[in-house]
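There are two complexes below, and they share subunit A, which is joined by subunit B in the first and by subunit C in the second.
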Partner chain A sequence: MLDIQNLTAQVEGTNILHGINFHVKPGEVHAIMGPNGSGKSTLSKVIAGHPSYEVTGGSIDFEVNRKKIDLLSLEADERAKEGIFLGFQYPVEIPGVSNLDFLREAFNEVCAYQGLDKMEEAQFMDLVRQKLKLLEMDEAFLHRDVNAGFSGGEKKKNEILQMALLGPRLALLDETDSGLDIDALRIVAKGVNALRSKYNAIVLVTHYQRLLDLIVPDYVHVLYKGKIIKSGDKSLALELEKKGYDWLIQEQH
Partner chain B sequence: MKLSGFQDSPQLSYPPFSEAWRFSQLESFFQQDLSPAKAEFTSASHVEISGAQTQINSLPQGVSLSEIKVAGSDFWSTLKRSGVKYKITITEAMTQPLKISITRPSTQSHEATLAFIEIHVLAGIKASILQDYSGSELGHTHSETLIELAEGSTLEHSLSFKEGAQSINTHTITTKVAKRARYEQTILSSDSQKTRLDLLTELMGEESFAKLRSLSLLKLKSNVDVHSQIIHHSPDTAADQLAKNLLDGESKAIFTGRIKIVRDAQRVHSAQLNRNILKSKKAHAIGQPQLEIFADDVKCSHGSTTGRIGENELFYLLSRGISQNRAQELLSHAFIQEVFTENSPESKTFFKQFLEQQ
Partner chain C sequence: MKADEKMQEDYKYGFVTDIDIEDFPKGISEEIIRLLSSKKEEPEWLLEFRLKGFRQWQSMVHPTWQYCEVPPVDFQALTYYAKPKSKKKVDSLNEIDPELLETFEKLGIPVTEQKRLMGVAVDAVFDSVSVGTTHQEDLEKVGVIFCSISEAVKKYPELVKKYLGTVVPAADNYYAALNCAVFTDGSFVYIPEGVKCPLDLSTYFRINAKETGQFERTLIIADKGSYVNYLEGCTAPQRDENQLHAAIVELITLDDAEIKYSTVQNWYAGDKKGLGGIYNFVTKRGHCLGKNSKISWTQVEAGSAITWKYPSCVLIGENSVGQFYSVALTNHFMQADTGTKMIHVGKNTRSTIISKGISAEKSNNVYRGLVKIMPSATGARNYSQCDSMLIGDQCGAHTFPTIDVKNDTAVVEHEATTSKISADQIFYLKSRGYSQEKAISLIVNGFCKDVFKTLPLEFSVEAVKLIEMKLENSVG
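For the complex of A and B:
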């Protein structure tokens, strides 16, 4: 589904990613871990198409319904329409745009692109309410401006609300667990697990095992200085939890 | 400069443009002779002023109106003495907003509408005024609006300026806010060759409050120059100003602002913020907010920001599948809406009509 070869990228003239190889198949859950500043968010944003990050080499292919797409040739909105979703580490506040209008705009554009008929308002509201319920969110959040004044945890839940509504093929969740209380973590995990199917894949960027207890990954990767230095199964995360990153970094030298 | 065909038709000497006019060089404009634009009354407003004439339609309950004289022999006083002059007094709670239209259907650049309006809101009265300016492509409109809010009164003052892409306009709004009175001003303006807005807001008595909101939406080779002064004459007064510009094409917006707090006017809260978004490479903004404070126990903030539509906001919308154009539209819309969020439904409707015609 996602096929990243030798990806290098820079931002404002600084090279951040130094040759990433990363492959995801439908139905899989991958966790990406790694010390602060290693390039995890950069990788997520490059996949989603952030215009500030310049890809200097390598390729990203994305395959849905046996159709292979060169992601790098698409704008960010086109990637989203193809089914890529980025859950932001720092969700952006947009005062002046209501959450509901935002959800509707996004939903309609994605549906239209995928050749689906525009959904009736009542039906759309039913769907939104169903997703709110899944995430145990109050309907009042719909009528507030996008993320404006939301608490850290509320912003993260709002990310998962958007994901649940858009039903992406590939969800890249960048530290969606940070800032969540114990109940919120459980609720968010429930939201993410609801998306899991043999057609979808999930990439979790996280620092903590506690998320991986709830959303169990098939593979765990460690990113360090812009490279994946180790991949393994879920036991790698447990090992990292116990031993930290030092031993892996030592192995590098 | 000669005025002919107005109520008073004097010869005027060269206008005295002070330092405060440094961004609006209108000397050459004011050297040409002016004559009234042909009057045209089409709207359903309560008070209509056009060229050198007025039409008063039935006024809402609680509103009285009389003609007035203007004294003074300086340039601006003479200019306004020549025009239409009315005093409006709001004596009772209004059942509906008072609508004032100032129009200028001119076909030539020397045609003008000159209007002078005094608005008095009596003690404890809550009033709402919708004041709209419109004009065809060419010509000049000069207006002065003088507002006095008596103790404990409130005025929601909504003003829109749509005066024609080649017009040159000068407007002054001077407001005195008495003890416990509240003034809420919202200004929306669009393209013109030059529009100079002089806003003087004086907080005269304790617990008086002024909220000033303005937004210029410019797309052409336009120029708007907002010059604002807020003077806190009394302790325990508050003001909050937000002056925004959304600039496209080759437009240019200038905001020069000043908050002045007189000696010993303590416990004053005052904020002045200028925000500009440039949508094109050739658009340009200048923002100069200033403080002049002679008291120590005050809370003031001022600032000016100019930039493109935020890249992070834009990417956030794009990452959800919203297209570039639509995302730009949504963010522009959000920038615009912030100005009106707290307005009454009548005021919102008034501005909505304006925006829909944009």
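For the complex of A and C:
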């Protein structure tokens, strides 16, 4: 589904990614871990198409329904409409715009792109309510401005609500667990697990095992200085939890 | 479609209507004013009013305090009266030149009786004259007078004489004096005591003739306990020369009366290089004369090469209320210096100012406001909020608020913010499937929400579309 070959990228003249090779198949859950500043967030933003990051080499291919797309040739909105979702570490506030209007418009854009008919308002509301229920969120949430004045936990839940509604093929969740209390973490994990199917894939960027206890990954990768230095199964995360990153970094030298 | 072709489409009202125009000699002088007055078969007092205005204007110099560059206007090169030529006087709408009707149809303005829009009566002003007012009969039933000001001068001279120039006198400012001298037409409204006007009243102004100044004058009087919702729309053809629009709007509310006045201004703004466009120099003011009366201005200013206006309220009656809600959008080389004045005279008077300025490209957007609390205005309150949004890094936004409080019991609050649409906001929306343009329009509409929600529904839909259209090519 996702095929990244030898990817290099820079921001404002500084090289951040130094040759990433990363492959994701439908149905898989990958966790990307690594010390601060290793390029984890950059990788997810580059996949989603953030304009501040310049790709200097390599390729990103995305394949859904046996159709292969060169992701780097697409704008961020086109990537989203092809089924890529980025859950933000710091979701942005949009004052004056109600969450419901925001969700409806995004949903309609994606539907239109995929050649689907616009959903009836009542049907859409049913769908939204169903997702709210899954995430144990109050309906009042819909009538607040997008992320404006939200607590950290509410912002993260709002990301998962958007993901649940848009139903992406590939969800990239950038430190979705940071700043969450135990209950919020459980709810977010429930939302993510609900998306799991043999057609979808999830990439979690995280620092903590506690998220991986709830969303069990198939693969764990360690990113260091813009390269994947170690890949393994879920036991790698447990080992990191005990030993930290130093032993891996030592192996590099 | 290429960006250039798209540009051409930007201003969809840019067509010129091919109609014989009964032109006047160019220039301004006492003779011209006498000629104008006699053409319009005006009474002596009105000619005097004009001449007084003219002498006043001659004694004044063009102001220089504005924060926009106003190129010198050659007042002798302008024509002060342009009337679509028709063979005889128009008695009913059915006799209006079909080409003229077609123009208004193209603009989406329902002038013909059979095409009446639900609950809106329209007065259409084409160049210098009013070409037709709809729904006259429905309004007459409840005693509402809604007609062109020329007609009002003939039919209701006492009312016009009593109020004309009382809110905006000739000496008020340079362009007000000029308007007093040469105003050609405009709308007149009188809402009798206790009447809630059953229809929204609407005027559409259109400048068509070349090198013509449009100087219309609107006078609205809401008698005791009455209410009216008034909508004003403006368009002009695309021309390379600049055209002058110097109007006056006077509003008067007596005890317990309310006027809501909404404007969507989309005069031609010039092309993307700054060539052509309307100079929109307008004086709008209301007097809340009666106790508990209320005047509310809502404006969406999205056109004109230069917009220079301050819809204001003088709160004279006790407990009277003034409101000003404004969205001013500038792009390309447009300039806007706009805002309001709230003058508190009576006890417990209240005013609210919500101003949203959006600047894109090389444009310049200024909020200028005055909140004045007179010694007599015990218990007065004002709340002002002025927000500016910048799109790109070549535009300017400036705020010049003046607060002048002469009574210790007054409470005056002022809040101001400046924001920029951030790359992160746009990326966030794009990563949810919004195109660049949709993302910006969503952010801008959110920014303007507090103002848009005060507009009547059809107007607010129009305003949202207008802002989207204006920004379509402004953001790279």
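Some observations on this one:
Assume the second predicted complex is superposed on the first by the 253 of 253 C-alpha atoms of A that agree within 3 Å, B and C clash if a C-alpha of one lies under 4 Å from a C-alpha of the other, contacts with A are read in each partner's own complex, and residues count from 1 in each chain.
Here, contacts are C-beta pairs under 8 Å (C-beta built on N, C-alpha and C of every residue); 3 or more make two chains touch, one makes a residue touch a chain.
Keep in mind that this is a model prediction, so the values were computed, not measured.
The superposed arrangement places subunit B and subunit C in clashing positions on subunit A. Contact with neither subunit B nor subunit C is seen for A:141 once the two complexes are overlaid on the shared chain. By the touch criterion stated above, A:166 is placed in contact with subunit B and with subunit C alike.
In the superposition on chain A, A:97 makes contact with both subunit B and subunit C.
Judged by the touch definition given at the top, the superposed model places A:224 against neither subunit B nor subunit C. In the superposition on chain A, contact of A:106 is made with both subunit B and subunit C. Of the two partner chains placed around the shared chain by superposition, neither subunit B nor subunit C is touched by A:53. The superposed model places subunit B right into subunit C at 62-70; the other stretches listed in 8-16, 26-34, 62-70 or 134-142 stay free of clashes.
Residues 48-52, 75-77, 79-81, 85-86, 88, 91-92, 94-97, 102, 105-106, 109-110, 113, 145-146, 162, 166 of subunit A lie in contact with subunit B in one complex and with subunit C in the other. Chain contact summary for the complex, subunit A toward subunit C: residues 48-52, 75-77, 79-81, 85-86, 88, 91-92, 94-97, 102, 105-106, 109-110, 113, 145-146, 162, 166. Chain contact summary for the complex, subunit A toward subunit B: residues 48-52, 75-77, 79-81, 85-86, 88, 91-92, 94-97, 101-102, 105-106, 109-110, 113, 145-146, 162, 166. Taken in their complex, subunit B has these residues touching subunit A: 311-313, 315-324, 326-327, 330-331, 333-338. Partner subunit A is touched in their complex by these residues of subunit C: 422-425, 427-436, 438-439, 442-443, 445-450.
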